[in-house]
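Okay, got some structures for you below.
Shared between the two complexes below is subunit A, which has subunit B as its partner in the first and subunit C in the second.
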Partner chain A sequence: MSLTVTNLTVRYGGREVLRDVGFALEPGAFCGLIGANGSGKTTLLRTILGFETPSAGRVERDGTVGYVPQKLQIAADMPVRARDLVALGLDGHRLGFSWPSAGRRRRVEEMLASVDALAFADQRVGELSGGQLQRVLIAHALVSGPKLLLLDEPLANLDLRAAAEIVALLKRVAGQGVTVLISAHDMNPLLGAMDRLVYLANGRAASGRTEQVVRTEVLSELYGYHIDVIRVHGRILVVAGNAEAHHHHDHDHVAAIP
Partner chain B sequence: MFDSLMFGGFLASTVVQNALLIGAAAAVLSGIVGVFTVLRGQSFAGHALADVSSAGGALSLLLGINPMLGFFGLGLLGALGLTGRRRGDGDLAAGILLGTGLGLTALLLHFAVTMRGVAGAAVSVMFGSLFAAPPGAGVLAFFAALAGILLLALIYKPLLLASLDSELASVRGANIRLVAGVFLVLLALAVTLSAMAVGAILSTALLIGPAAAALRVSRRPWVAMLLAALFGVACCWGGVALAYASYDWTPGRVWPVSFFITSLVLLVYAAASWRRQ
Partner chain C sequence: MFAPYLLNAWVVASLVAVASGCAGFFVVCRRESFAAHALPMAAFPGAAAAALFGLGQVYGLVVAALGGVALLLWLKRGQRSDAATALLLVALLALGSLFLSLSGRYADSVYALLFGQIFAVGPGDVLPALVLGLAVPAVLLSGFRPLLLSALSPDLAMVRGIGCTRIEILFLSVLALAAALALPVTGALLVFSLMTGPASAACIMVRSPRAALALSVALALALIWQALALSYLTSWPAGFFTGVLAALLYLAPRIWRTARPAPRSPGLA
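So, the complex of A and B:
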């Protein structure tokens, strides 16, 4: 397994953000980490990365990990080009001085090409659009050859076309044997690409293939109240329903849930 | 003015040579360190360290030791106080450090004036006295700047990545606590040299101004560092030249070097911002 999460519980100031979360991902899996804002997706990713210490349970990773953060607060005058950021993914941790090498330049060039970022490789990172920056961050994360790639809401703030392009790119990455775990509050852009998903609600998780997890019974159990799963034109809508009203065939839903 | 500079013994004066060397050392290190100070949002920490180092400058006057030792010693203590702080906490700690440092400076300057009769102690420490720097201070400043540049070269890559995003650097395996700690030491060294050139209070100008101007017009980190150093040296040497020339404007009285240096820094920044627009 590339990643195994076992009985993971994380508390912040007495509040249980994640409770008994467990799942395992095989090499090359493309897995969506789905949940509403505040459901614990970022906490789970940060715990896998080692930024948070779990109260119970454990995380086992096989090999190195690449990470694409949700936001990058880039100073307006940051004098770093897209290709510099990718190169820092290769040796940004190393102390000491090293002369630029042809091998390093070639590796960066190949990685920029593989994410279709050559056209804006010489632009400052602060000048890139959301989709362009995501591509460069993915290249930064992949250039060192990790076995596992974690992405925190990479599709947020992207238009539909850019989101679809990023998903297709990540699917190609998974096809090369890299395990991809991507968090999203809307699962629909990932539906065609996901092999499996981890659904988070109330700090608890259900995992498996989409059709196994995104079901009324499973999600109602997870949320602790009645949930309707509606499929419309290939899209999935998960909405909070009223159990009694549902029983009376009243579909007056009160809130939409990812 | 040109005649005064070229034929009036400007470059032949050992006092001026010393001042030019200190100014260049301060400008080069402050420019390079300043680029990262701006990118990391640590300008306030830099100002606080400068104010803490002023207590060291006052202490050196009181004890009669080399001012660089005093400035750097207290600056280093201040850097240790800021090490390991998160960005929000860092600002709070820097604010408290700044007040404590200035309070201590006031006390030590009081003792320096009343117990040792050091005339002009406050002006010297707070606003600099390049022309009154002890002989040999220039050479010492040169080697201190060289050591600082080598240290920065050692942590350059993880420092750059952490300046972009500390978590990215951490995931990549960089020791960001070590890098942040070493950078604070470099910051203390840079403000020490700047304090000797333009005074503790004004050292932030040399740290931030040339770096901010360089960042406005650079697309690569090394270009920004090179330009910041060049801008800083130009401002320092220009300031020394203008102060030297001012002897002729108000016969018998030299205007403060710090005034000219900080004014030139402002002009360079304004020009860089205008060019960017």
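So, the complex of A and C:
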């Protein structure tokens, strides 16, 4: 297992945000971490990273970890290009003011190419669009060759097409043996790619293979609200309310359910 | 044609510019302008106390500036109100002015410490300036990447095992040393100008962090040499020229950028 979370409980002040959360991911798994706003997705990822100390339970990680945070505001006048940010993923912890070696520069270049970011590699990170920045952040997280990649709502501000491209990119990464854990409040963009799912509600987690969890009975139970799982053109969609209504593009509708 | 006192002034001012240009780059990237303003203010009563007790000025400056770091961290931690912070800064100025008045050399010293008196630099000032002027850039350059990464995102830095609190304390301490070094030259009120003017211009003019750092140092050197020359020619205070030139440096690239259509950088004022 490349990530094992056992009986994890996390409190802020006296309040329990996560209770008895447990799941395990194999190398190369592509796992969605799904939950409404405030359900504890960020908290769980930060606890896995070791930024928060759980009051009970354990996190076991195998190998190094890459992380794409939820919020990253970089001022437009920061003199840092996309390629500099990726290079910092490789040697940002090192001391000394050396220019990157030819080998490191090549590694950064390859990484930028693999996330399709060469076109804006010399632009300032503060001036990138949301989708471009996401790619660069993924390259930053992957360039050091981690075994586990955690992404916090990387699709939140992307249009449908950009989201699909990022998902396809992450699927390729998982195909290379990296375990991907990606949080989202809307599972639709992930349905074609994820093979595992951790669902957070009321501080508890339900987890399993996607087919086991993405079923009308299970989801309706979890959301506490009627959910339809419908199939269109060979794809699965999760919608609130009845399947006749054409709601399948209405992501906020699903996300808004507490 | 240059008298030795001019040579001393030139050497010390150049060291100040290199250290300030370096520190200023990180001040701008890490959004620590307030610290760059507050630490010289905190150093001021130190210099005044040194004058009162007849100690070396540089020691008073260094100790007080480092005390200022502790104060700053305390203020940040408790999220004190702006008013409390401003009152504290003014109280430090008041304390300094009391020490100076007790030391009996009030007017001259106040002027020198607030606005700088570069031509008053003596041969004894060169060695401490040399030590600080080399130590500050050395520490900042060796921490270049962690300082930059933690400025971009504390979370990304933490993932790479960088302790952000430690980095913050280290940076503020180095900034305090840079402020203590610059204060006698530019004065407490103008250390801020020398740190932020050249650096923020550099950050707008080039995109790569290493190039921006180098340009920041070059601009700070150009600025201080210019201020020295103008002050020598006009016998107006060097501090005046430092303040005005720094403001011009800050504004010029911004005006240039807004005036000209900027194809690759929309949304930048």
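Keep in mind that, in the parts below, the second predicted complex is superposed on the first by the 213 of 258 C-alpha atoms of A that agree within 3 Å, B and C clash if a C-alpha of one lies under 4 Å from a C-alpha of the other, contacts with A are read in each partner's own complex, and residues count from 1 in each chain.
As a convention for this text, a residue touches a chain if its C-beta (ideal position, glycine included) is under 8 Å from a C-beta of that chain, and two chains touch if they have at least 3 such contacts.
Computed from a predicted model, the values in this text were never measured in an experiment.
When both complexes are overlaid on subunit A, subunit B and subunit C end up clashing with each other.
Judged by the touch definition given at the top, the superposed model places A:D186 against neither subunit B nor subunit C. Residue contacts after overlaying the shared chain place A:E153 against neither subunit B nor subunit C. Once the two complexes are overlaid on the shared chain, A:Y67 sits against subunit B and subunit C alike.
Touch criterion met: A:M78 reaches subunit B and subunit C at once. Once chain A of one complex is fitted onto chain A of the other, the partner contacts of A:L88 extend to both subunit B and subunit C.
Shared-chain residue A:E52: touches no atom of subunit B or subunit C.
Touched by subunit B in one complex and by subunit C in the other are residues 49, 51, 65-67, 69, 72, 74-75, 77-81, 84-85, 88-89, 91-97, 122, 124-125, 140 of subunit A. The touching residues of subunit B, counted against subunit A in their complex, run 35, 38-39, 41, 153-158, 160-161, 163-165, 167-175, 212, 215-216, 218-221, 223-224.
Touching subunit A in their complex are the following residues of subunit C: 29, 31, 141-146, 148-149, 151-153, 155-162, 200, 202-204, 206-212, 264-268.
Those residues of subunit A whose C-beta lies close enough to touch subunit B in the complex are 49, 51, 65-67, 69, 72-75, 77-81, 84-85, 88-89, 91-97, 122, 124-125, 140, 144. Interface residues of subunit A facing subunit C in the complex, by the touch rule stated above, are 49, 51, 65-67, 69, 72, 74-81, 84-85, 88-89, 91-97, 99, 122-125, 127, 140-141.
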